[in-house]
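I'd like to ask some things about the structure below.
Letters A, B, C and D name the chains as they come in the text, with residue numbers starting at 1 for each one.
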């Protein structure tokens, strides 16, 4: 069959071209076997290989069979976990399913002694519990909610492959066993048949590598779909889901995956892999041949090459591109400290160091510092508290602060001198010093 | 006893004061028990509690008993793992010890079927193998290297508590068992007594919460000690060590720890915890009472409060403070695209989008774009390749690029038009357009 | 409540009186808890304690609450295993359920890697498979067969406690989990609901300590109920069932039980214990309070005392009471070797030794030996072969044998001299020697 | 090499010939591999096959390479367990090593949670503990005691194969690991090196199939070597050792072995198997090729054929050869009840039934019964108590007993009428009735 995809297009963007190169490099790898424990999955074309990368700025790059549909299978787990977290909060969910990598296979049957909880929501047992936690009046409504959320993550209406669903349902005794086991242990509270039925249906939702990339970019983008702009889940839930993917997403290969590739990820037995470069990218991969742990052989290899070539490892850090804080000496006796961007703890620490430096300089004694916060986009509570404490400390050292804050956002709550612009602040500082 | 520490000092910096507040809040928590399986550890004063935070810019903030010495115990594991990685590379080390969280206790005895490898270097079995991998002529030399590296991480000469060492050695049969088990499985190749002896000695090295903070900051700072400036290990090793701490550092609490607190970390049975906010901070905590998993009760609680208040969770992302790329329209028909900072894949993607936008604008056809890379600090190979591909693509669309690059760093290798400054580039562009 | 039982009767037989003594001794032991995981079981009167001993000669001795009814629970397992063995043979059953003690609890969920078989038929998983192996057209018919066989073992028509059955069914999710797990692994081939339903019903059959004693005596008596004379199962099946009870009958206490008490046994969570002294006795015990392994506390203690006092340990052996072979010297030159009873290998060996001795004596050369087999009850094939080989060997040494065998059973097939009585044989021998 | 053994001798006894037949049948089976984890073992000649059967009456039958020496390995375990039981008693030994089949391999490393005990003395961990429990002043003395006892069991002085010992010692790290693990858990109290060294040495003792047969016959014969007449261990210890062999002797094949073959047994990695038919035979087998569980392939097959052909299964029972009790009516009004052999509980029960029958007959009222115990060899306490209770019961029914007991052994303690012979007893009875 023809693999006509965007990567073969005449005027190809350089990034899609780069993805195409990686894909070509690994297309010849024919190790592994198509999953056959769900009969319908075994009919997949083993030669397929697709790759997509979606940016948090909403751009999409693809290569190979990025539009070939396949059933989402276990890649649905992090998204349904997101719904459960939204419905019950972290504590509510942790009461029913743990967050511990188990070092076990995807279909492991061990439950935590004492609590009866499955180890984590990325193995089947945990995922069945998670699905049952989605609040709904009926199994039908529960599945509709799940399909709605998956669609919102993907930015388009998704559908179910009914043949795979039927195949999965008719061979799903091990999952039913997990259900009854957890019901007997108290971690699963709904009817087993209902929970398992919805779970099978959620696994049979059809997606493409492109969909996975957008779904991942939505997680990377704090829960906001960068293509549609929809707020799918809130920031905290997105962070929690990414953490679980980091520690538990690749079954008993999770640790080595994070070490080598460094991206929170989730794989499924149909050959899909979703990987996320937090704050930056969602990556969707699809190739049906699996290794003995149930991960797509080419998917893992492509991820490895991509992560290395594109330097995407989550623990890889570069210097900050631009300073959040700058100092300008207006005059020998007056400094303006300009702060910009989001101010969280680390940024606040830097501002404090600059303020301390400026206040310790000869020029500013006895003196005033103008703190320009006009370009501050957000200010975290810890930063507000630290800036306020620093202001108090400077006052004790007889250094005053004039805040230039046109929006009057009370970034330094205790500051009595607040001006509407830097110029007005400088004028006010002059008054304080010489007036 | 008096807990005179920096946090009680007259003129306290706001960050140390904030740490002091967190510590006061949790000092009353007296749950847990001092470790007693090594007899000498049981003599620790359970009331002690210290906290230190070291920044990658070299600043240190402390509260409580941050200068109280205690034996490093398992917190030594990531650092010795770093030496093994430096000596043998990732593949060389993975041949002997895995990277998979096991969901098991610190002293678990299970080895990977088939390979005989311990699950990961953060449990005792794996740490004994790691220690044996440190290249040396003799056990004495091996320990000397380890002590040297630990000291370099801490930025001061560290010593051994000989009484704890003797106590550990005389009660260390379970660790000897692990050693013989691995030797029989082939994952440990040195003499058991030698390996275990050095391991016990490494566990008995005395540190303070302040030391742990600096050691962590060195990992956060890509292997460079931010206080001394010493390059202790290289960047790749630091990333690998942090990944292992993220997935395996807190024993069978690792998954929940990363979910709740979000920092790569390592704990020890003497009550120490080391946590790292990558690229930003090292955090050292000390309080001897342990929970049933062997983690410091107050250490975990303090970490939880700190991570929440200071928004340090690794999966928490803020918007980029400042753009890496800016466009200036010099004239209706000439744009200057200015790039600054480190250019890796994500930055390169943004530059490409800007170049594409500019090239698609009315004004620039037929036309020239000036690409100003003067303030680029580093340029990753993938970025060079993408910029070059983009330049070629623009040429195909009859848009030329003039690179302003005083250092002639060949950031766009195929570019034939390179100028020594933006002004010179603009002049050259004029020539191309109208000349 | 009054414990009026046979042991309090005026003219009590000495054995019932001895049982009563043992029971009195241990009635005060009130350790343990009545099972509560099946709600209906928790209503049992914890003070009850009954004991019965049934002999393979059909006598019954009782003490205490030997007539109090309780549900048979897991004590049904060996009997249903017997039906499965009768229906499919040992290999047919071993294909679905193993015979290995697992060292695990009664409700353990582990299956044999590779085959998916439960470890043995005495744990729940194995028992569910066993039940499903009982050949029947429908679940109803299957249960009717089981109830019929249990009744034949007990020698009276048994019934079901419907309330316990309903209670068990409504709380039996763990057993359903086991069912689905085994169905997914291929060891259970019937519908899970059907198998589990019949299993729950079989567990709810009402019995008394007296019933258990008779059921055990039937196993001890090679499958023939010694009270009714019914052949319930054949000898080989009885042996196989007793072996499984010896290695796996008391859950994870099986090894220590056999070491201390030495009787194949099976316990159930309602407080029943069935123990068997092979060839001799069935013992039924009932007392509802269980230890942490699910065995009746007083039942275990009473068994221990009984086994010690009555010297019932299966590995305890006494000298043979009477010789199976005797020699009579009819005259200086003629010996009669008389063999009696069942002749298996060990008896045959003794006969051979005697024949060899006699043939080596002075008197009998050249000579004849009369072999009197009139009182031989059975002769095992190996014995026939050995006797025949010995006869050939004697002939080679010029010693003839005249067999006195009125029934002409061909116990020495190659013997040409067979007489209808010892007298006739002696006469024939005379002829051979002097005629 | 020539396999000249007794089974090829000219005038072969029929039993040795039968053994020879079984051996010939299975000699062609060349499945399995010679053990290679101890280097020196791998040099064994895989074609060797020997078989020996020793009777508790002291006869020995052999076939094949029954005189070929091999190291005893794990077959030493039950015998050293016997010494430990003799030194410390059952409770003393159970405090350090359990009696539970574990379903695990011979070198399993799991210890019982809570107690730290190895599961049983037939796996390596348990055997190392057992060895350390042999009371001695030094390791040398400990080994000397062990070698002495093994020699007493075999009936000849045994020696050590020093090359195998050295080979085992130099590759025994897994056993050292087990030692340290148990020392750390408290179940092993001696020095690890000492315990392991003696254990390796005990494993390297040279035996033949013939030796194993005699050693087994000694266990079968209540601890008395039937060839030498030496009392090696006492009866209770022999029973306990046989029980452990029944449940745990064949590693994770123990359950199926007992089911199929029905003999307490122990196998070793050099290819030896010791099986015991309690009260009757010891069987020694030797053939070096092992199956994947570490049991001799041909050894298991030969045992299976032997057990079936010779009907040796421990749960196989035949009718009693001769009655222990007989009644003779001396006259219409006087019965003599003759009891012979060992009288334990079951025999006593039968005597009671006979006495009851006789006393209930018309003839004997008012009356006397003569109880003839002249040929009673032993009388167990329970039997004495029951006979005495029966006598009291008869007295209450106005039936007197006159005991004919020339040895005055007080078999019926409360009997006031005791005569020195049956004739005297009958005379006394006459007096009582008519006098």
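Quick note on the criterion: a residue touches a chain if its C-beta (ideal position, glycine included) is under 8 Å from a C-beta of that chain, and two chains touch if they have at least 3 such contacts.
All values derive from a computational prediction rather than experimental measurement.
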Check: Based on CA centres, what chain would you say lies at the far end from chain B?
Finding: C
Notebook entry, point to check: Measuring from the mean C-alpha position of chain A to the mean C-alpha position of chain C, what distance in angstrom results?
Noted result: 64
Checklist line | chain C and chain D, separation of their C-alpha mean positions in angstrom | finding: 20
Check: Approximately how many whole Å separate the CA-defined centres of chain B and chain C?
Finding: 67
Next item on the list: Considering only which chains touch which, label the overall pattern as line, ring, star, complete or other.
Entry: ring
Next item on the list: Mind listing the chain D positions that touch chain C in their complex?
Entry: 11, 13-15, 17-18, 55, 57, 59, 90, 94, 98-104, 119-120, 222, 235, 238-240, 242-244, 246-248, 252-256, 258-260, 262, 264, 277-281, 309-324, 340-342, 344-347, 349-350, 352-353, 356, 377-378, 380-382, 385-386, 389-390, 393, 396
Margin query: Looking at the complex, which residues from chain A come into contact with chain C?
Written below: 109, 171-174, 176-181, 183-185, 192
